[in-house]
Amino acid sequence: MPLVDHHVHGALRRDLTRAEFESSITESDRPVPAWISTFDSSLGFAVRRWCAPVLDLPPYADPSAYVERRRELGAAEVNRRFLGGAGVARFLVETGFRGEELLDPAGMAAAARAKADEVVRLETVAEELAGVAAADFAPRYAERLAERAGTAVGLKTVVAYRHGLDFDPARPSAREVTAAAGDWLRAGGGRLTDPVLLRHVIWAGVDSRLPLQVHTGFGDPDLRLHRADPLLLTGFLEQVEPTGVPVLLLHCYPYHRQAAYLAHAYPHVHFDVGLALNYVGAAASTVLAEALELAPYAKVLYSSDAWGPAELHYLGALLWRRAMSAVARAWAWPAGEAARVAEMMGSGNARRVYRLRES
Amino acid sequence: MPLVDHHVHGALRRDLTRAEFESSITESDRPVPAWISTFDSSLGFAVRRWCAPVLDLPPYADPSAYVERRRELGAAEVNRRFLGGAGVARFLVETGFRGEELLDPAGMAAAARAKADEVVRLETVAEELAGVAAADFAPRYAERLAERAGTAVGLKTVVAYRHGLDFDPARPSAREVTAAAGDWLRAGGGRLTDPVLLRHVIWAGVDSRLPLQVHTGFGDPDLRLHRADPLLLTGFLEQVEPTGVPVLLLHCYPYHRQAAYLAHAYPHVHFDVGLALNYVGAAASTVLAEALELAPYAKVLYSSDAWGPAELHYLGALLWRRAMSAVARAWAWPAGEAARVAEMMGSGNARRVYRLRES
Amino acid sequence: MPLVDHHVHGALRRDLTRAEFESSITESDRPVPAWISTFDSSLGFAVRRWCAPVLDLPPYADPSAYVERRRELGAAEVNRRFLGGAGVARFLVETGFRGEELLDPAGMAAAARAKADEVVRLETVAEELAGVAAADFAPRYAERLAERAGTAVGLKTVVAYRHGLDFDPARPSAREVTAAAGDWLRAGGGRLTDPVLLRHVIWAGVDSRLPLQVHTGFGDPDLRLHRADPLLLTGFLEQVEPTGVPVLLLHCYPYHRQAAYLAHAYPHVHFDVGLALNYVGAAASTVLAEALELAPYAKVLYSSDAWGPAELHYLGALLWRRAMSAVARAWAWPAGEAARVAEMMGSGNARRVYRLRES
């Protein structure tokens, strides 16, 4: 069953040292201490168990042997094996974070023999505007976003990292935006953390009518996890509701039951447990089951949120498939229903939300 | 083993169209979009699996066939089958929400061949007072409540929906109540959302010494879920503690571990995972197990929180029985202990808390 | 496999009545109501299942028989059996809470034929200073702490009980400390709840460079559970990070996934689910599995947090061993990896963090 990976980043184009690989399988942005190996984690064990055989090694191969074999094959072949093996028919690639190190959508499509579309990060578009006049910020942002969104299938906000989800849900006034833009520009632009500007780019995203992805739940320590609880978005979701723009809550762990509630309550809200499944590894079926307790099955999507090593693109799909099967078995679903629901969550819901066409 | 369903509403008296039935198996109060079926959810699958056979259909009958068969039998027969089949000896029926569409306690008793008592919703009693003078609000409320509570076995507050559980726990002064009542009356009465009046009716409820039910956790999007965490009641619970009035936290999901902590810590606090078990369907044993991790077994009650289609009254009981058995098996309880604990949670604790007499 | 119990208190030196024993297997500090038995709980069932055989009784012995047999054997023999049977090679004993009723570290070592080191409670050291001049509080605290810490292996703060984890993470100024000490001393000293003094003793603890244990998550109702979510420590953890002092989040339930995130994100953060495993009994493997979803395996430690009856010292170890085995089996770890990870979490990580020497 081919999947739509509705939120993913590119695979790294270059080879990785042991230290680089270890850093790429943790969400911590700190240097890995000498006394720790990130292979000793649920994700690390999943890499050894499931990815080693793809590189012709036995399950649970030694980390050193694993990284060496990876280099021996070379990044292109590694990417070809993992991306091709994921069984993903279509990647929606978010390009806004260190995209220059990664395969772009076309590169992903080629390596995976799949389709690839773009998802545009709203904050990154703003950060390209440093140098405009304050009064031009809003119109130039609108222009630039329209341009980028012209070929994109969705938008994404990382307000969870830049402020927290407890932002004022109201659209800021034009005057507020100009004032905030002035402050930001005078400080030299750069990383967008001003709450007024963050709200502005989010509402500009809503205006574009493209589906809006929102990072929620765990990620690197740039965020405060308790301020990334998707329930903090409730007021914002209610303000977006009349526009009909679909909102997609990404990842959500450990607040995935809360995300499922929002998807249950609000017609335009969808979610995934993307990033979480990779990171919890063998516990993927537990987390997926919790996510499905309250969720309308038409509101759950598949994503890997993979960034970097193509193992993550592969594992995301593999762990999701295994977790879906385990849940269907544990809940004693008839085979036909299990297949139908897996198809909805694996690709059908994404095709509907993003209006993906086959050609 | 006959159950006491300590928090339930009446069953609908009339037949339901497909659209009406779909709307009655979701907590969302929004119209169900055309591209969604609420049958595609844990509750919907549970209806198809467990309720279809009660209507002489095979498990996992098609939703259309299910709704058609339901209409063919007629509401009275459907209610008779599901209410009679639930194995509930006694219903404590909360009558304060759209009661005119539902079987009243006597109707429930007749349809289920069981006993039925009333639980009075505190806010509804206040809303019947529109038209009094502000200064008369408090004494008239006390009179009216005493009258209603004369035959009731418990009281219920929906402050979670009207404000959130983060209310000031202190009893408001008489002057504050009169002033707030004046504002409310001048605005034409109606839905009670003023925090002072909410606090007043809750404390009036405590004064009556009847057990006090508090909705916590998920429900329709009229509430903010993160403001329905029962832990937000901690200060209020400590203020009620000296009165000895039992407090019953209803439903609690996804904060049921938190509710169990409160029941563990405070002698007068009890809880259930009522509504949640129906909605999580096949995951009921997971949720019940989590609820029982920290809970004193003398503090856990059974409820269905069913409102509307009698499937919910039936499923609540069926899923609870199955979940209790699954937990006892998973935790390797001896059969005698399993039966004893199930009896406590299924009926004994409710009989003690509500002082239910057999006659 | 011998364990290091990195956070534990002494075992009670005296015999216990039925009522005393019941009170010692709940975290509630309220009198146990007549209609409740704390044996009817996950912990109570675990005592009957696993501890009864250690006292030569059958599994699930009757509570009365259990307590009687306990008294018949006498506290010394009971302690010898449970402490000796726990398979703990080293106890890190926190001595700051009602230590006079308990075996001290030497007594624990003798009864268990194990090593025992001390962990010093920061607030208790301050409470011994009543009577000093306000201006002397800080220097005298430093002196006293240096003295106590001279032989201790770690420090512990109970700020969760005294204020909540939502304290201002900044180190208070000398002037603020003197002023707050003046207020505290004028009020007669006693229980330390002033937030400035709490922050002072915590930072004094950090200055000592010993590993810092922080109680988080559930405990007796002296705390507000929602203010004991370890995520509320995020700002504090970031301020401690440059010092390199290890922080150990204790217990964490029901926020253990959140604690695992902090251990994932920050190199100096470690955690356990100590207290929780005893209290959730048969559900220990569920809770441990959740804790391990996101946790680096080098960051998880074993503790029992036992205080009082030696059953808790024994059960903590037994439930942890059983839970580790169950998780390894459920996640299909190879035997060698399972043993390696269990050794890390059971003792190796503690030996590294606390720099424990064999002699």
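First chain written, first letter: the chains are A, B and C, and each begins at residue 1.
By definition in this document, contacts are C-beta pairs under 8 Å (C-beta built on N, C-alpha and C of every residue); 3 or more make two chains touch, one makes a residue touch a chain.
Keep in mind that what you see is a predicted model, and the values were worked out from it rather than measured.
*Asks:* Roughly how far apart in rotation are chain A and chain C when fitted on CA atoms, stated in degrees to the nearest 5?
*Replies:* 120
*Asks:* Between copies chain B and chain C, are the contact residues mostly the same numbers or mostly different, with half as the line?
*Replies:* Copies use mostly different positions to touch.
*Asks:* Could you put a whole-Å number on the gap between the CA centroids of chain B and chain C?
*Replies:* Each chain reduced to its C-alpha mean, chain B and chain C end up 38 Å apart.
*Asks:* Show the residues in chain A shared as contacts by 2 or more other chains, in ascending order.
*Replies:* If we look for residues of chain A contacting two or more partner chains, we find none.
*Asks:* With touch defined as at the start, can you tell me which chain C residues reach chain A in the complex?
*Replies:* 229, 231-232, 234, 238, 257-258, 261-262, 264-267, 289-290, 292-299, 330-334, 337, 341, 344, 352
*Asks:* Over in the complex, which chain A residues touch chain C? Could you list them?
*Replies:* Touch list, chain A to chain C: 26-28, 30-33, 35-38, 40-42, 45, 49, 60, 218, 220-221, 224-226, 253-254, 279-283, 286-287.
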